[in-house]
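Two complexes are shown next, each including subunit A; its partner changes from subunit B in the first to subunit C in the second.
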Partner chain A sequence: MKEFKFLIAIWKTNLQSAMEYRGAFLTQTIGMMVNNFIYFAIWIIFFDRFKDVRGWGINDMYVTFGILASSFGLVSLLFGNAFMLSDIIAKGRLDYYLSLPRPVLLHTVASRTIASGMGDFTYGLISYVASGYFTWDGLARYILAMLLAATVFVSFLIFTQSLAFWLGMMSNFSNLVLNAMLTFGIYPITLFDGYAKLILFTIIPAALMGAIPAEFIRAFTWETLAQLLLGAIGFLALAIITFNIGLRRYESGSAIQTEV
Partner chain B sequence: MNPIEVNNLHKIFQTKRKAAGLAGSMRSLIKPEYSSTEAVRDLSFQMEAGELLGFIGPNGAGKSTTIKMLTGILHPSSGDAKVLGFTPWKERQKLAYQIGTVFGQRPQLWYHLPAMDTFILFGKIYELDDRETKKRIDYLTEAFEIKDLLDVPVRKLSLGQRMRCEVAASFLHRPKLLLLDEPSIGLDVVAKQNIRDAIKRMNQEEGVGVLLTSHDAGDLEALCKRVIIVNHGQIVYEDKVSNLKRKFLTNKMVEVRYAQEVAKDFSIAGVEILKVGHYGVKLKFDTAKTQVDSVISHLSSAGDIVDITISDPPLEEVIARIYQEANK
Partner chain C sequence: MKHFAKYWSIFQITLLNSLAYPGEMVGRSLMIIPFMWIFYQLWKVTFSTAGADVISGLTLRDTLWYLMLAETIELSRPPLARTMSENVKDGSIAYILNKPYDFMLYQFSAAMGETIFRALVNAIFGGLTVWWLVGAPNHPEGFIIALPAIFGAWFLQFCLNAMIGLSAFVVEDVSAFTWIYQKLAFIFGGMLIPLNFYPQWLQTFAKMLPFSSAMYGPVYLSVAPSRELFISVMTLQLAWITALTILLIIIYRRGLTQLTVNGG
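What follows is the complex of A and B.
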């Protein structure tokens, strides 16, 4: 409860900071929605031609893209520094968070809002509503699935970026992994089997951000819920443990910093 | 119990070495080479409750590394330290509720927001209730004279104004101890004085102990009762500031600029002429041997003075003298 109150205060301050530049906030939000639409248009054209890929149709794509965009947007809005964690570590900018009496990891990742996340978040919801699968209990499952997918996503980001404690600047590698997550996250899961499927649940857990949450939204099953819960808990534990072990190796730095 | 007890603190950094150029980069990629740098070497000292302790030394002396270990930001390679009874790197969160920190080169105020928003956020971070936060902000606003600054986005404040807000923010949660790392870096004379006055007031009114790192001898003279001088990670001098001044800060430098060309002989017994030009002169003298009054009146008799600066010798010079004394 104590940490939740703290998070609310941080998010409020983030929002205030983002709203200082209203024009930029609005253009980033709208720009990202247009960007998502252009990206998704290729799938509309594809499914217009082929209708079905191993039982996966355009409506499934709407839900999958929706949950992927919403959970990506949620992480951008609430934990924006997760995308920049390796940079923060390598440049010695954890000092600020370490000098305040709050959990370092939580404080660090929650201390930035990426305004374009609002565009992703909103577009994701619209995509779900437009999918033809919309029901009110489906919406409740959408919210739960979004939270769990966002947990997997932010945890995976933290894990890869925390490798900076050992390997130095990891932003390029992290971007590579991020792009792989987003690319494979939107692919119909029916395309993959065997080892490929295993990779999408573990090394690049894209299935836990796209296909599995989408299945759970379309129809409740204990199996998909268990997969999502296990994935979220497992990756969150991996992220926290990796970051905390790495923190002992933190070397700070003397770079002059001009803003928070 | 002393608020700070440091025993044989040691910090070694592993630094990657690379020869210049592309070939060096390629070699480093295949076979990276590392060397060890001892930033802090067997440092031991204590600080008493409510004390104003200066921790000074040139760049790379290990001041910031020591402060970072005392706040729990860095883990030491060996040795032990207790700050307010806590081992900083093991009990960082508990300690952070009791201490305030200011890093001159690392702002803590949110850059795009007015300082007031950071003050309110800090109230939440330190778990103060809203009424208490407001009362405290009112008090600090008056103590630091920042009433007109709190509603202006931090990015629009001057460095001096921002630093006053930074230091005020670090007092929000009534810390028992304040650790300041180069709080006056880059500030002009007036801004430095404002910050020094406010810190002194907080020390007197609330009994806050202050450990201050700086490479500005002025900070030391204005604020501290005792001083520790470090170089290459080791203590080279530890004494009361009054003793240090008596022993080492006896020299003053005077630089004068005249309204018209002067052709006076500036030679005075016991005064060293550092630089002389058609419109000005720069002198150095020992205040224990030569009176300031006599030097100034000699200089003013030469012509109409348009500008005069009296300064201390650079700290590096003082440290060099301390080394000389140690070697004798």
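What follows is the complex of A and C.
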């Protein structure tokens, strides 16, 4: 409860800070929505020509794109530093968080809001509403699926970026896994079978951020809910354990400074 | 000639800089492998569902080699607009502008220096992956024929990105513009889906825009090389290069009058 209050306080501060530059916040929000729409138009063109991919049609793409965008947006808004954790570790910028009496990981990742995340978050919701699958109970499932997909995503980011404790500067690798996660997440799951599917549930858990939440939103099944819950809990545990083990190896950058 | 020697040196220095960190370069280029693999999955299923070996003049093999070159061009492009925006935000623009070289030519030389080695590594990784997935290209000579058009594509992309970067002189943060530009280039440049597969009206429209000269034209030339196509791609590209260079010079001159440097 204490940590939750702390999180709320950080998010409130982040929001106030973002609102200081309202113009930039609005530009980035609207810019990202336009960006997502144009990107999605490629899928509209594709499905207009080829109709479906092994039973996966444009409406399924709306839901998948929607949940992926919303969960990505949510992580950008609430845990923006998760995207640059490896940089923070490698450059010795954890000193600041270590010097304060708060949980280091939580404090670090929540200390930044990426304004464009609001555009992703909103676009995702619009995409779901436009999918033709919208129902009120579906919306409730959407919210739950978004929270679980965001948990998988932020955990995956923390896990991969925490490898910087061992590997040092690894921004290229971080970008690689981030791009892989987003790219594989948006493609129809029906394209993959066998080992490829296994990879999308484990090494690059893109299926837990795109296809599986989308399936759960379209129709409730205990199986998909269990997959999402298991994925979220498993990756969260993996992320926390990896970060904490890595933290023991952390070397100070003598960089206690104001983090803005 | 002596005047251009300094830009050649800038190009060489940036190229050597990129060679100084081969591990980083290779790491970054690995991204093309999953991209090509996922494209293969998508188009294999699409061709199989359509029950056709050739769709709009392209086979599965052509499509994959097309996408490989398109990705190579795109992934090799340095983030010029973002760099220029950062230069404006942190004030370092002041140090670049007062040096005895032309700002735009400096940016171009540095951008090309960053591009060349990156493109080579991307092409090697991407080419090997596609070769393994679908076999050798149907027209290997196409990649040589398309080379001038590929350089033209990079020049056009430089002009477009520099214009976005220059907008930082006025608005400082250009990220929203770069996202939108990138996605417009994806859609109208035929980067993820060859323009051949678009509805006719959209193909006609897309081919009228500079994005297709900066991507689709050179890439399609590499998989379907012919004298007529070469002439048509190069003519259109040169027309765009002329128009955008003039526009870039005008925007740059105007931008200089509006620039406010924040410290530095």
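Here, the second predicted complex is superposed on the first by the 254 of 260 C-alpha atoms of A that agree within 3 Å, B and C clash if a C-alpha of one lies under 4 Å from a C-alpha of the other, contacts with A are read in each partner's own complex, and residues count from 1 in each chain.
One rule holds in what follows: contacts are C-beta pairs under 8 Å (C-beta built on N, C-alpha and C of every residue); 3 or more make two chains touch, one makes a residue touch a chain.
Keep in mind that this is a model prediction, so the values were computed, not measured.
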### Task
Determine, for the superposed arrangement built on subunit A, whether subunit B and subunit C clash or fit.
fit
### Task
Figure out whether A:A196 sits in contact with subunit B (first) or subunit C (second), or with both, or with neither.
second
### Task
Would you sort A:I10 into first (subunit B), second (subunit C), both or neither based on which partner it touches?
first
### Task
Angle at the Cα centre of subunit A spanned by the Cα centres of subunit C and subunit B: state it in steps of 10 degrees.
90
### Message
Let me test your reading of the model: by the given contact rule, A:I233 touches which partner, first (subunit B), second (subunit C), both or neither?
### Response
neither
### Message
If we overlay the two complexes on their shared chain A, which of subunit B and subunit C does A:E20 touch? Say first, second, both or neither.
### Response
first
### Task
Determine, under the contact definition given at the top, whether A:V53 touches first (subunit B), second (subunit C), both, or neither.
second
### Task
Go through the superposed model and pick first if A:Y250 touches only subunit B, second if only subunit C, both, or neither.
first
### Task
May I ask you to decide whether A:I45 touches subunit B, subunit C, both, or neither, giving the answer as first, second, both or neither?
second
### Query
Looking at the overlay, does A:Y96 come into contact with subunit B only (first), subunit C only (second), both, or neither?
first
#### Entry: Shortest CA-CA distance in Å separating subunit B from subunit C in the superposed model
5
### Task
Identify the overlap between the subunit B-contacting and the subunit C-contacting residues of subunit A.
none
### Query
Contact residues on subunit A for subunit C in the complex?
24, 27-28, 30-32, 34-35, 38-39, 41-42, 45-46, 48-50, 52-54, 116, 172-173, 175-176, 179-180, 183-184, 187-188, 190-192, 196
### Query
In their shared complex, at which residues does subunit A touch subunit B?
2, 5-6, 9-10, 13, 16-17, 20-21, 93-96, 98-103, 248, 250-252, 254-260
### Summary
Listed in rising order, subunit C residues that touch subunit A in their complex are 24, 27-28, 30-31, 34-35, 38, 41-42, 45-46, 49-50, 173, 175-177, 179-180, 182-184, 186-187, 192-193, 197-199, 202
### Residue numbers on subunit B that touch subunit A, as the complex places them
13, 64-65, 68, 71-75, 92-97, 101, 103, 105-113, 117-118, 121, 124-127, 153, 155
